[in-house]
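Got some structures for you, see below.
Next come two complexes built around subunit A: one with subunit B, the other with subunit C.
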Partner chain A sequence: MANKVITLNTKNRRLMIHETVTSYLFLAPFLLFFVMFVLYPMFMCVYTSFFDATMGREDVFIGFANYKTLFNDPVFWTALKNTMVIVIVSVPITCIFSLWVATVISKMPVVATSAFRCIFYLPVVTGSVAVTVVWKWMFNNYYGIFNYLGQNMGLIDKNINWLGDEKYALGCIILILLTTSVGQPIVLYVSALDNVDKSLVEAAEVDGATEMQAFWKIKWPQMMPTTLYILVITTINSFQCFALIQLLTSGGPNNSTMTIMYYIYYNAFKLYKYGYGNAMGVILAIIIAILSAVQFKAGQEK
Partner chain B sequence: MTNNRLDQIQIRDRIYRYASAVLVVLVAIAFAFPLYWIITGSFKTGADINAAAPVWFPSEFTQINYEKLLSRRSAPLFDFTIPALKITAFGYTVKLGTVLKITGPTVPGAIRWLVNTVFMSVASMLITCITAAMAGYVLAKKRFWGRTVLFSLIVCAMALPKQVILIPLLREMNSLHLYDTIWAVIFPIVGWPFGVFLLKQFSEGIPTEMVEACRIDGASEWRTFTDVMFPMIKPGVGALAIFTFINSWNDYFMQLIMLTSNKNLTISLGIATMQGESSTDYGLLMAGAALASIPIIIVFLIFQKYFTKGITMGAVKG
Partner chain C sequence: MKKFLALLLALIMVFSLAACSVEKAEEPAPAPAAPAEDAAPVEEAAPAAVTELTLWTYPIGGWGNQETVDALMADFEAATGIKVSVEYLNYTDGDDKVNTAIEAGAAPDLIMEGPERLVANWGAKGKMVNIADLFDATDLEELNPATVAACFADDATAYEYPLVMTAHCMAINKTVFEAADALQYLNVETRTWNSTEDFLKAVAAVNEYTGKQVGAVFCAGQGGDQGTRALVNNLNGGTFTNAEHTAYTWDSAENVAALQTLVDAEGIEFDAGIVGGDEIALFYNGTLNMAFCWNIAQQLNPNTADTGAGLTASGDEILFMAFPSDSVPQLCGGIWGFGIFDNGDAARIDAAKTFIKYFCDSEATADAVKAANYFAVRDTAEGADLTGIWADNAIMNEYNVLMPMLGDYYQVAAGWAEARTAWWNMLQAVGSGADITESVATYAAQANAAAGA
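The block that comes next holds the complex of A and B.
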């Protein structure tokens, strides 16, 4: 009896070893890239943040000095503030807007739904550079369409240098960011609305619930996981807003559009302060991790 | 009385529905407008472009912007180098092969950038799909040591901002002598674990009995994967393929950091560089933007169905 158990165990063990070996053979190609070009750089990001690292010489260990400089750097705080403004403004607007569009277009015939879904996704597919270049033209001081429309409708009385004015630059960036970030949430919401339990909705309608009531009482709770996912990805996307700033304002005027992402780029690839840039990257990652965790927690409690 | 009230509510619902439909149409027009502006702008004459009042439709179509775009920064159509293999060990030096260098005919820079971009997107797509399909299959269907740890690593890596790793990545590519080559952009895309996550989710939907039956019939692990598993996860692979293709085409930040010399630029990066040089020639820039975006938009429209599937599949959290 005891003998049998042992043989079974060794058999199990050998099976497990066999499975493990084959599994890792299958995983090997992916792991090679994953470890070399994702995990290792992530580790190095944290590691190098404790060094004074630049081009062409050995890194010098300096402990927490990068972090100390960082917390005393006024530009960093401006960048953090601007990043937070972008996130706080764009995330709720993106979510509400895409939910609204999704509810409206999901009631349309299938062809119309997919056509609208396509149109709202277009700015994402067009690519950040093409989008940025055309918006730059539309915002132009002299022959931009916004100044023309604004003056014709009597909203502004003289041409505004939208991207060159501290008061408007960040707002313009957020506007463009919004057009490029609602595509994915709309796709997700449309498919979530499709997957809502229809019998419940019909039952509610038979009982005389209005469309609004049916939506908030039945569909909305069922779409909670989707909303949560959208919140998380939109937050991450807003934090990473980079191409717009690099191509339109380079963080200016007077740092009014400086974000953490752009400041990292500026430090690392213009000033070659690798260690400093990495320290900022670590802080950014921590902020995003905390925010995602909070959002998940809040979502799960509901 | 109650009937009357019900009617009122129904009428209100209907008005709301029509009003919001009209509003969505208006917003959709605004969303499509930049693309319209790119395309028409690329055919406008200088006078139309710099007019104080916007010219809504080109007064005459001109090719001058495209001619200007193609007259700039020429580069070879392709170039291809096989380095001589040199091994030095124990004081001996073995030299294998000779340097092979093929350089294509000289073409406008923009054409070369397109070639680079297509190559980069196709290579990223193919390698990602193969590696992710294999990894996704074992993560979904096999129990092995380290599986949980590996999967949590994958999920954690996905939640972190990709751009944070760019500085270490740049230095790593430098020491691997991959800096300023297209591979420096491709490899990190392949390593990004989203595809594995996606195909793991997809593979879990395939009944395990199918795989087991195949094993009992004596097929090897590899045959089980290629003949049974792969055909069944094909829709998922298709979604991932189109998703990777479009995302790598537009992954501007990575390209910006890794590529510098004119012949290695991608189309987005090339347009961005041109924007830095002649920032007010909007006709030229629109021609560039059209060249960068129209091909990918066509690809998107053709494979739209798979693409939306890829997005929604990735959202079903495991």
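The block that comes next holds the complex of A and C.
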């Protein structure tokens, strides 16, 4: 009897080892990729931020000098302020608008729901360069459609240089960002609404709950994981706003659309100040990490 | 534990999104010493081991066109047995691609661009091969001295061998100027303005006639900024750098006065929403009647409406012009040629030198120049006469009138990348109403700090 138990245990252990090894073998390609293209660059980013690293000469260890320079760089603070404005404005609007659109279209017939999902998702799958070129044309100072409509409707006296005037440029960037950001949240919210337990909603309605009460008390709590995911992703995307800036304004006019991501790119790849650019990358990562952690914490509490 | 794992994964996610991947900068490889003997003649066979080279080219006229370049490369392969793989870069992200390739140790053998990149940037960073040995005594006699000076980092170090050059200029809509009676303010034969005052009178006349903006001081980015630099520098006789190219001088009283003149001019607006390419499009479509970003490539372009070279989309005649000046205009030059990246393979470097001599100093040079749609940097190449290669092209012949006005090639000054950014940022500040003297001083100081001046 004892021998039989020992044999079984040995067999189980062998099976477990075999399964574990097999699992790791399956995981190995991705892990290798993850280490090479995620962990290693992350480590190098932090490491290089302590060096005066520039193309064409040996890196020089300078401790926290890049960080000191950074905190005394007025353009960095402008970029940080602009980035925060983009995040603070675009994240709530994206989430609220997406939720509203998803709520409305999820009540429509299946064909209409699918059609609207496609329409709102189009800017996401369209190349960012193509989208940006179209927006650039619409905002054109000389023959853009916004100036044309504004003048014809009597809203403006003369053409506005939307992207060339610091009063409007950042607003234009946020508007474009919103149109390209809502597609994915809408699709996610529609799916989340479909997955809400209908029997609970029906029971609430039988008990006399209004549509709003059913939404906030039953649907909304069940959509919290989706909302949390959308919040985190939208926040990160807003922090990472780069292509629009590069293609439309290069951070101008007068740094009014300069974002941290664009400033990192400018320092690292235009001026070859890799160490300085990476110091900014580290700061940005810390800010995003803190915000994401707060969002996760808040989401879990709810 | 699950919460900890979730937080850890979230941190990894945001770090990976924000992280900027970098490679440790390599120690600059010392440029090889220039051998004393003259460069190998074109006919000499390349080292047997090298049968393929890589060339990355920016869109320098037809050198950005695959069909044109394929024909040139086929001729080269037939003559030398070396096959050349070509990659076409653009000015939007071309520098990023090259920098990434350099950092990854995957730079091409050859690159085609100007001294501001090949000499002042990659050359200065030790990434290029010293090709001073390619300039023999005959070459130094044949080549335009200004182009030679721009290609040499010092007396014994050259990072570029020049092929073509041009003078950047401005353009006006001649048809509209004629209708506005503004042609009286310029000399159509010499393509110069009678005076800076007459330039302003012409702008005012066209502005009054059309009732709209005439020209734009574009400053959304660095694209085409040679035009705004030349405009400002010429108006009052200012300069962009000192003669030694060691300091930026655009905070001088002359340049401040020129900027004030432009701010005050009716019909000229500072536009932080467009760059040079946008301005050209606006000029072609008739929105603007003056373009400050122009050169022979634009003059030869039949435009998107295909109305023909030297015409706008509506068929108005385009007149290329020197920038307004009270003395001889100093036009910003464009010089383009080839450089060799130092990939540490002597055989490939020798083959790349064969490529350069073939296209820049042989009977094949005429075709290489014509492909670029610019002017040859020399009158003869290994005995082949290059003076008549544009004899059959009236526009190119006309454009020759500007070539003696080529000014100092200051784009090789230290801190050039920062200086360019500071320039258009300064224009944005001035255009938005900031104090001119203060803005110019602030941004010139940034440029000079980068130059170590």
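The rule is simple: the second predicted complex is superposed on the first by the 278 of 302 C-alpha atoms of A that agree within 3 Å, B and C clash if a C-alpha of one lies under 4 Å from a C-alpha of the other, contacts with A are read in each partner's own complex, and residues count from 1 in each chain.
We take it that contacts are C-beta pairs under 8 Å (C-beta built on N, C-alpha and C of every residue); 3 or more make two chains touch, one makes a residue touch a chain.
Just so we're clear, the structure is a prediction, and the values are computed from it rather than from any experiment.
**Student:** Assess the superposed three-chain arrangement around subunit A: do subunit B and subunit C clash, or do they fit?
**Tutor:** clash
**Student:** Thinking of the overlay built on chain A, is A:Y143 touched by subunit B (first), by subunit C (second), by both, or by neither?
**Tutor:** both
**Student:** Once the structures are superposed on A, label A:T54 by its partner contacts, choosing first (subunit B), second (subunit C), both or neither.
**Tutor:** Once the two structures are laid over each other on A, A:T54 reaches subunit C alone.
**Student:** Which touches a greater number of subunit A residues, subunit B or subunit C?
**Tutor:** B
**Student:** Touching A:A289, do we find subunit B (first), subunit C (second), both, or neither?
**Tutor:** both
**Student:** Contact-wise, after the overlay, does A:Q222 reach subunit B, subunit C, both or neither (first, second, both, neither)?
**Tutor:** Neither partner.
**Student:** Touch test for A:T69: subunit B only (first), subunit C only (second), both, or neither?
**Tutor:** After superposition on chain A, A:T69 lies in contact with neither partner.
**Student:** Regarding the shared-chain residue A:A268, is it in contact with subunit B (first), subunit C (second), both, or neither?
**Tutor:** both
**Student:** Looking at the overlay, does A:P253 come into contact with subunit B only (first), subunit C only (second), both, or neither?
**Tutor:** Touch status of A:P253: second partner only.
**Student:** Which partner chains sit in contact with A:M42 here, subunit B, subunit C, both or neither? Use first/second/both/neither.
**Tutor:** both
**Student:** Is A:G164 contacted by the first partner subunit B, the second partner subunit C, both or neither?
**Tutor:** second
**Student:** Just one of 202-210, 220-228 or 256-264 in subunit B runs into subunit C once the structures are overlaid; which is it?
**Tutor:** The stretch that clashes with subunit C is 256-264.
**Student:** Considering only the contact definition stated at the top, list the common interface residues of subunit A for subunit B and subunit C.
**Tutor:** Touching subunit B and subunit C on subunit A: residues 37-39, 41-42, 44-45, 48, 140, 142-143, 232, 236, 239-240, 264, 268-269, 274, 277-278, 281-282, 284-285, 288-289, 292.
**Student:** Contact residues on subunit A for subunit C in the complex?
**Tutor:** Residues of subunit A touching subunit C: 37-39, 41-42, 44-45, 48, 53-59, 139-143, 161-166, 232, 236, 239-240, 249-250, 252-255, 264, 266, 268-272, 274, 277-278, 281-282, 284-285, 288-289, 292-293, 296, 300.
**Student:** Provide the residue numbers of subunit C that touch subunit A in the complex, in ascending order.
**Tutor:** Listed in rising order, the residues are 3, 6-7, 10-25, 27-28, 95-96, 99, 102-103, 124-127, 219-222, 271-274, 282, 287, 417-418, 421, 424-425, 428-429, 431-432, 434, 450.
**Student:** Which bits of subunit A are touching subunit B when the two form their complex?
**Tutor:** Within the complex, subunit A contacts subunit B at residues 16, 19-20, 22-27, 29-31, 33-42, 44-45, 48, 100-101, 104-105, 107-108, 114, 116-131, 133-138, 140, 142-143, 145, 148, 179, 184, 187-188, 191, 208, 210-212, 225-226, 229, 232, 236, 239-240, 242-243, 246-247, 261, 264-265, 268-269, 274, 277-278, 281-282, 284-285, 288-289, 292.
**Student:** Which residues of subunit B touch subunit A in their complex?
**Tutor:** These residues of subunit B touch subunit A: 6, 9, 13, 16-17, 20-21, 23-24, 27-28, 31-32, 34-35, 37-38, 41, 49-54, 127, 130-132, 134-135, 137-139, 142-147, 150, 153-154, 157, 159-172, 187-188, 190-193, 196, 221, 225, 246, 249-250, 252-253, 256-257, 268-269, 271-272, 275, 279, 282, 285-286, 288-290, 292-293, 296-297, 300-301, 304, 308, 311-312, 315, 317.
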